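Take a look at the structures below.
Both complexes shown next keep subunit A, but they swap its partner, so subunit B is in the first and subunit C is in the second.
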Partner chain A sequence: MTERCAVIGIGQTHFKKRRDDVSMPGLLREAIDRALEDAELSIGDIDAVVIGKAPDAFEGVVMPEIFLADAVGATGKPLLRVHTAGSVGGSTFIVGAHHVITGIHDRVLAVSWEKQSEGNAQWGLAGGRSGGIGAGGAFAPWIRAYIEESGAPEYIGWMVAVKDRRNAAKNTYAHLKMPDITLETVKESPMLWDPLRFHESCPSSDGACAVVLTNQAGARRSSKPAAWIDALSVRSELGQFPGRNPVRPQAGVECAHDVYRQAGITDPRREIDMAELYVPFSWYEPMWLEGHDIAGPGEGWKMVDSGETDIGGAFPVNPSGGVLSTNAIGASGMVRFAEAAMQIRGTAGEHQIDGVRTSLAQAYGGAAQYFAMGIFRSS
Partner chain B sequence: MTELRTSETKLEFPYSRTTGPVIGAFLAGLREGKVLGIKGADGRTLVPPPEYDPETGGYLGVELVEVGPLGTVQAWAWVHDPLPKHPLDHPFAFALIRPDGADSAMLHAVDAGDPAAMRTGLRVRPRFKTEPTGLITDLEAWEAAE
Partner chain C sequence: MSTDSPARKEEMVMEHLVSLTYRERLTPNLNRFVDRILEGELIGHRCPSCSRVYVPPKGYCPLCVVTTSAEDEVKVSDRGILTGFTIITPVAYYGQQATDPFVYASVLLDGASTPVGGQDITGVAHGRIHTGMRVRAVWRPPAERRVEGITNRGWGGLDAVIESFEVTGEPDASPEDYKEHLF
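Right after this comes the complex of A and B.
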């Protein structure tokens, strides 16, 4: 049995460096309550719950699915926990949608989060064992490789940072809002992981994101517009192996081609109206534009340079401000899906783009080895 | 050459748990020598207090009620040889204790001296630390009140 699946409720917390005003259960519930209110449902109306977060070592809560069952309204209901590192918010969304698409459940709540202030993500990523080079240290050599292969000027990374931080200033829930940031601000910020500067790197955030997913009958009962899911895909590969191209991972190429095929898209740059891509470090915007074949080889940075990925451009990327401005790691992938769905529903507020009929959401995780992608349409 | 079959690794990290308005108030109560619970949706008094109702998932608010000070042992297990991380450095009982006025039991330690002194139904009173820090261990142990 195959049902169409729609997003009818979206909720996010306000993202901050430290949300010590709420417990971890309270943080999730803040996003869940907003999503349920948006969906015009109560927690008792939900049939099943799917939750996702990044590695347990980040906050030291082992088996959070047990700790949080009450707060996510899963008492006596099916509860699944998903884990695919930084892409987990995206894959949690997809597992939730599969519950609906297969006809197993009518109304599913998917929620993802990170409360990074309770631990230290760099330590968690290293598992307490390695040298602790951090995510930026792992990605910096690949970014350098992209710059050298593509011939992109250094200021492209600064441009992405300026765009995303200014976009975040239009987003109520975003963490870092810098409406007055300039190329100079980025250029003069300290070098963290050469060639990545401080303002080209994501923050550590506390926050959660929740979505309510339902079938056609459920969407008909909602008084608000739905965002319809036209394609979903996940792919993964080893983080390192001889012959791997980490700048353009094969799993990312295949994940993208799979969602384009499902949605009947042959020219993504023309047929997709906007995208929310997982860009924790500025250079990942052109790298994913090329890595997902939206732009040809060496053409991604030119889309940035020409302003095509600005809110007013032909292919806006991350009008929400993206991961570069807000990164509660486990939530970040789901926020991409939620924001892409909001653009379809026309509920993105100040960062809404006019006339979005087809949107793309993407999340990646680990050593750029897990991918989760989705395409939303307005009908 | 002999292969190395194991490689020792030790993980340690000081996490900081945000307690929220309900557990935070419960811990503040312990610091003041009080055990606090919360009213569930069905009117039962739950100790320790959850933020969300265990039956309905509903929000229970932040108004806590004091219970005890005496309580009743509902189930117990004697610890003959305490480990360094146990709450007491001499033999004791882990027990489920229902404070007076509460409808649920909390897991804690009973400093009873001898297993012969333990029984289900034993009345106990809390013993608080003289220098509290806002942790569950501020309630050092329960002791017999008969």
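Right after this comes the complex of A and C.
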């Protein structure tokens, strides 16, 4: 790394089922304006813009980077669009940070979004054909394999759902806020993708997230604390091959080990203070705790069971409420990075955890085949 | 005027449904696969380097990074093991015709190294389906077999040739037999 990179501005829209009050460009601009205000900069100060969203079929707007160039302040500047399925928000953040780390640009704006109400993600995933299985249908067999292999009780999934929805109630920007949700609420909700129930599944949201990234000189000019990037990594693998373990994809293992190595971390469970993990379906919390070697094999669900991943626990996961509470697909990966950075900067508001000095962000996509991870530190 | 009033909202919605029909030329490997399934046979390619059998034939082994051809063709059984599944409650969207819960299962055919995904399981109540069950293909009558849904992008569309996989009642396979070939 020739330059250190810091997050000095973070902006999110309010995430809702429908944001009829704004157009797609307006939605992006809402997040961008908040990020610029937080960074104490104007759009003219930005050198380059990186944007990312999930498949165009989700809204039916093809190549949105072309018509959005003006709204995102990229006219006359470098503009790149990133796409890595559900992990795209994370990889968009990383591509933006690489512009700073390599010394090419001083101030980079990265923004990602989805306006799912303008289309139908299930239709998009099914290619318009009948019998679409949705993301839940694709992941459910692997979740079943995890449950069978680990022997985890079924209430673990319900516990994650309750925790994340209650956490979301503390987050101004979150979509689903259910402060009174109980294990019973989840247990009695309809079975959607056996063994996943309705309340164990993410919603479909409209929203955007933006970050302003800069180098050491840029961070010095900001009056607010910065979140410093200590590690970034992206890994991918084929969606299917003989011997593949989709419950613990090798790309996810290697991505995690790469960020731990870069940040000098040997015991992630102790050395990392909190994590924002991409958990669109409840069981992915224990699955990623194990899949990224934070917990040993069969130990991830025990961290959930003991309350270790609660806001007050020893290893809080998704204090923002996570993807389970807010899922504008393209934005979801970047929200993980933004929230992990906010925890470092002490700007997470009601869902702030005390004394966070090292935080982890993770996003995954496709058939659990794309991974984007990052580690933030306070200095 | 409030943007939340129903009348206003209707003005904002534009129904704009687009459909595309396109034809593509199947790869020679898939073409042979299609010819054989119309005759009620399943084939794959055995990698000359590692002996893994890919069904349908890909024309290469992604693990050894070697090409495979008709010379590597092998016949596989239409019986196999249920390695993974979910039962899906259909969500309504444009074009969705499914209304009742349906099974979405992976079946590892005897002699294959990769399972075929997206299969229906019959001959058993949904609540009794479990991994490891032995199943066999229920072929549609030859005149009713359709292959339009099979594309170069993957192996979807098999259901227009094989209606479902029916449980055979044989003893379950041991997880050791298929754990390296789950997905």
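Quick note on the criterion: the second predicted complex is superposed on the first by the 375 of 379 C-alpha atoms of A that agree within 3 Å, B and C clash if a C-alpha of one lies under 4 Å from a C-alpha of the other, contacts with A are read in each partner's own complex, and residues count from 1 in each chain.
Following the convention adopted for this analysis, a contact is a pair of C-beta atoms (placed from the backbone, for glycine too) under 8 Å apart; a residue touches a chain by one contact, two chains touch by 3 or more.
What you are looking at is a predicted structure, and each value in this text was computed from that prediction instead of being measured.
Engineer: Using the overlay on subunit A, decide if subunit B and subunit C clash or can fit next to each other.
Structural biologist: Verdict on subunit A: clash between subunit B and subunit C.
Engineer: A:Glu148 contacts which: subunit B (first), subunit C (second), both, neither?
Structural biologist: second
Engineer: When the two structures are overlaid on chain A, which partner does A:Ala140 contact: first (subunit B), second (subunit C), both, or neither?
Structural biologist: second
Engineer: Does the superposition put A:Asp20 against subunit B (first), subunit C (second), both, or neither?
Structural biologist: both
Engineer: Under the stated touch criterion, which partner chain does A:Trp123 make contact with: subunit B (first), subunit C (second), both, or neither?
Structural biologist: both
Engineer: For A:Met191, select first, second, both or neither according to whether it touches subunit B, subunit C, the two together, or no partner.
Structural biologist: second
Engineer: Applying the touch criterion given at the start, work out whether A:Pro225 contacts subunit B, subunit C, both or neither, answering first, second, both or neither.
Structural biologist: So A:Pro225 meets neither subunit B nor subunit C here.
Engineer: Look at A:Gly60 in the shared chain and tell me whether it touches subunit B only, subunit C only, both, or neither; answer first, second, both or neither.
Structural biologist: After superposition on chain A, A:Gly60 lies in contact with both partners, subunit B and subunit C.
Engineer: For subunit C, sort through 19-27, 73-81, 91-99 or 127-135 and name the stretch that clashes with subunit B after the overlay.
Structural biologist: The answer is stretch 19-27.
Engineer: So subunit A touches subunit B in one structure and subunit C in the other; where do those two contact lists coincide?
Structural biologist: Correct list for subunit A: 20, 60, 120, 123, 128-129.
Engineer: Can you tell me which positions in subunit B touch subunit A when the two form their complex?
Structural biologist: Touching subunit A from subunit B are residues 9-13, 15-24, 50-59.
Engineer: Contact residues on subunit A for subunit B in the complex?
Structural biologist: Subunit A residues touching subunit B: 19-20, 22-26, 29, 43-44, 57, 59-60, 70-75, 115, 117-120, 123, 127-129.
Engineer: Using the touch definition from the top, list the residues of subunit C that touch subunit A in their complex.
Structural biologist: Touching subunit A from subunit C are residues 3-4, 9, 12, 16, 18-19, 52, 54, 62-63, 84-91, 93-98, 102, 104-106, 113-114, 117-118, 131, 180-183.
Engineer: Please output the residues of subunit A touching subunit C within their complex, sorted ascending.
Structural biologist: Its residues touching subunit C are 20-21, 60, 120, 122-123, 126, 128-134, 136-137, 140-142, 144-145, 148, 190-196, 238, 240-246.
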